[in-house]
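Pasting the structures here.
Consider the two complexes below, in which chain A is the common component and chain B and chain C are the respective partners.
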Partner chain A sequence: MIPLTHSLVIAALLFTLGLAVVLLRRELLFVLMGLEVMFNGVALTAVAAGQHWGNADGQVLTILLMAVTAAELVVALILVWLAFQHFRAVRVEDLARLRDAQFRDDVGGGAS
Partner chain B sequence: MYDIIFYLTAAIAVIAAAALLVLRHPVHAALYLIVSLLALALLFFLLGAPLVAALQVMLYAGAIMVLFLFLMMVMNLRPERGRPLPAGWQGPALLALLLWLEIFVLLSRSPLESAGSAMVIGPKAVGAALFGPYLVVVEAAAVLLLAALVAALYLSRRGRP
Partner chain C sequence: MSQWLWLIPGAPLLGALIIALLGGWIRRELLAILASCAAAGAFLTVLMAWLNGAAYQPLQQTLYTWVAVGDWRPTIGFTLDRLALVMVSVVSGVGLLVHLYSVDFMAEETDQRRYYFFLNLFLAGMLILVLADNLVLLYLGWELVGLCSFALIGFWYRDPVRAAAGRKAFTVTRVGDTALAIGIFLLFSQFHELSLSVLFTAATAQWEHGSTLATLTALLILGGAVGKSAQLPLQVWLPDAMAGPSPVSALIHAATMVTAGVYLIARTHPLFEFAPQVQWLVAAIGALTIVYGASAALAQSDFKRVLAYSTISQIGYMFLALGCGAYALALFHLTTHAFFKALLFLSAGAVIRASGDEHDIHRLGKLGGHPTLARWTFLIGAASLAALPVVTAGFYSKDAILTAAWAAGPVLWAFAAFGALLTGGYIFRTYLLVFHGTGPRTSAASLPRSMVFPLLILAVLSLVVGFIELPEGWPGPHLWSAWLKDELGLAAMPPAAVVHGLQIIGSLLPLAGIALAFVLVRRERAGYLLPLTTFLRSGWGFDALYRVALVRPYQVLARGLGRVVEALIIEGGLAGLACGFWALAQGCRRWVDLGILERGITGLVAGLRFGHMRLSVTQNGLLSRYALVVSTGSLVLLGYWLW
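This part shows the complex of A and B:
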């Protein structure tokens, strides 16, 4: 039998890996994939804890988390597609239209 | 044997998630993400949650990855040239590693070590909990999905000004 601690460590590893993907990769699609990995770490935490205490609440939480993830991802993917359609933006740096013009001159040309 | 399968599957899930950090082509990254999600479904099954495992395969590896692949097809992305990681990647990576090490140290000293036997909580118990005390949350999820549907239809409408 797997102790709960090991499951939680694996879930934490998945969560931090997803966080690293969100922080480090600059493509919009990769940011969304990192979010998926983070969600999966949270789901593993909920399921492992629910199984440890013999409770169905962890699985209920995971099912609701899947619904929330699907709703979030649909809207986010359409926004990524619209950003690509309107601005030809694939990376996060391309979406810098709200940046101050003074600051843009300082750093040298905004999106490169 | 059970332990070997569990840890091997966990290693596959983690390595496939880590591959997202270094891959350049988005389709390759999507394939690794599918592998990670399927490995996680097997982990759920091994933990004794067959309903969530089946839903993981259907929803994540089925529906959500189809959305990702459709978007990649529409956008016709080419792989990035140059290094995939931006300059100054060491700082956030070090912080993420420290975060995991903190959780690892915290959990390795926790008193949760009492190991029972593998207990299966089947779909019947989950359904009873889902439509019993958590009925309001199910209604809230339905409203959220309706809102997401309206947002998707609005954002993808034709003939925008």
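This part shows the complex of A and C:
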């Protein structure tokens, strides 16, 4: 049996990695991937805690989480695809359109 | 058998759901059949319960925990004991017959989906109310039947009078419902438990006989019962409730819903026994209502309003029995009343429909040509209502209540006996006026088959049900009281010699009433009117009284408040405010404008611009920056919390 600390460390690593990807990468697809990695960190915590307490709730939660994540990902991917189709946008800042025109130049790229 | 208990309220509920959700795809004729099948499902389950020995072995089913708040867990749980068994048998049986009757009665209506939805929902609500094993679920059923009653009274809502009748019923019963709700809250605050069986044991352990709290609780429950069962002083809604279709009047406003109050008191009778004053009040309300309803019915000219006042009066008998501690007898009268009053309403409905929606009994008499079967069934129902001795069910149940009332107090008996005399008078006056008028006696019209069967079955039941409990001292079966003795106890009865004397008087009263009816009808045909006719016809002027005492002051208050608010606050206040502002503006212009304002505004604008510059850095539209801020924030919060 794996000790709780090990799983928690792995989960924390996964979460931090995912967060780093979300924070540092600018491509929409990478951001989504980072989010998924964060989700997996959370799910791993749930499973590990479930194992530790001898309770199946954590696994149930994880399976539910997988289903929900899959559904959410479908919607998100469609949005990414539509963003590409309509705005030719693959990077996050390409979609920053609800801003003052004054500051638009700071970011570079800018909306078409 | 226990695991099928949910099917009793479940079948009509399912029917209601199907009709509500899929009704658009179902043909109109099939809707009626579907609704009837749902009612039949409930009735068959009850029948199965009887066959499986529910009469001696209470059944219990807990479906699931409704909500869990701390250690308080009200459940969706049903209990089928003897009291509930009687009620579900009556409700599902009469319900099924009324559904069948409706198939042809409502055949030409366009909005059958709404009708059958509410009829099925009503049946489900009533069965939930009866089967509930805790007060929360009971209250759910209680409100459900109230809602369905409102919706079905105002079924023809395009007619403003009918819609108003529905609203009136809803508003008046709400007074009682609120009392009941407060009573339930009070019980909960006392015992932290609303399951009926636990409640009764806890009350027995903690309450003292005649304590204030017990009296208050019983009084509040009585308030609920009075509202739903249309007793004095909350009876005003029932006569107007006749605006609904006749089958609805038969089912909801005669046989089942209005007796929910009687059931409630019988169900909570252990609580009432701690409050002797309230029990006395129940008997007093019953006795007064008997005379009130019967005397008001004597002067009505609307066919269905006669029956409505009659229902009020008959439920008065049940309240009288409850107040005397004769719970089993109240239930007995409830059962026979359900049969003969449903029969009367359904017969009246058939007559009214055959005569082109004519409600006036004098004009119905002139029209004549009523369906022959309806005439005979109405006669049977009338005889049972008047308690014609020996042959009718009404005699056995009413006579037993009269005897029990004597044991509780001869004054109560006098009221009930006077009511019995008037009962024979008003119902046979109606019968003679409608069916023995100047119009032709014979009729070519025949009733559709789905209306014939319920009438016949109810007619037979109105005659024979009484034989299960013969009067005190007679040879023959005494099944009813003996069977219910364990749950509801036995009523105190006067000594045997008195009982026989009372029985003789009780048998003569209906006959005297019928003789009174002949006299009344002859006088009425000759053009004489009863003294006080307008007073009685308006139901002792209760509507006018409430209008003067409650509705008018309320409207005056509302209008007065409107005027005060408008005059003082809106006009006075706003005008004053405007003047003040005007003065302020003048002052500002003189003092502030040039010196302070100019400089102040410049400073403010500069400050705002500075703040805008600083703050807009956080709102630069960069997703990753936002994510960084969010994660840093949550990290700080988490750290603070853990540390």
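By our rule, the second predicted complex is superposed on the first by the 103 of 112 C-alpha atoms of A that agree within 3 Å, B and C clash if a C-alpha of one lies under 4 Å from a C-alpha of the other, contacts with A are read in each partner's own complex, and residues count from 1 in each chain.
Quick note on the criterion: contacts are C-beta pairs under 8 Å (C-beta built on N, C-alpha and C of every residue); 3 or more make two chains touch, one makes a residue touch a chain.
This one's a predicted model, so the numbers in the text were calculated from it and none came from an experiment.
Steric overlap between chain B and chain C is absent once the structures are superposed on chain A; the two fit side by side.
Contacts of A:L23 after superposition on the shared chain: both chain B and chain C are touched. In the superposed model, A:V31 lies in contact with chain C only, and not with chain B.
Contacts of A:A70 after superposition on the shared chain: chain B is touched, whereas chain C is not.
Counting the residues of chain A that each partner touches, chain B and chain C differ, and the larger count belongs to B. Looking at the shared chain after the overlay, A:L4 reaches chain B, while chain C stays out of its contact range. Contacts of A:A96 after superposition: chain C is touched, whereas chain B is not reached.
In this overlay, which is a superposition and not a single complex, chain B and chain C have their closest Cα atoms 7 Å apart. 19, 23-26 are the residues of chain A that lie in the contact sets of both chain B and chain C, per the superposition on chain A.
Those residues of chain A lying in contact with chain B across their complex are 1-10, 12-14, 16-21, 23-27, 29-30, 32-34, 36-37, 40, 43-44, 47-48, 50-52, 54-60, 62-64, 66-75, 77-82, 84, 90.
By the touch rule above, chain A contacts chain C in their complex via residues 19, 22-26, 31, 92-93, 95-100, 103, 106-107.
On chain B, the positions that touch chain A within their shared complex are 2-3, 6-7, 10, 13-14, 17-18, 20-21, 26, 29-30, 33, 36-37, 40, 43-44, 46-49, 51-52, 55-56, 59-60, 63-64, 67-68, 71-72, 74-75, 77, 80, 84-86, 89, 92-93, 96-97, 99-100, 103-104, 107-108, 110, 112-113, 115-119, 121, 125-126, 128-130, 134, 137-138, 141, 144-145, 147-148, 151-152, 155-156.
Within the complex, the chain C residues that touch chain A are 616, 619-624, 627-628, 631.
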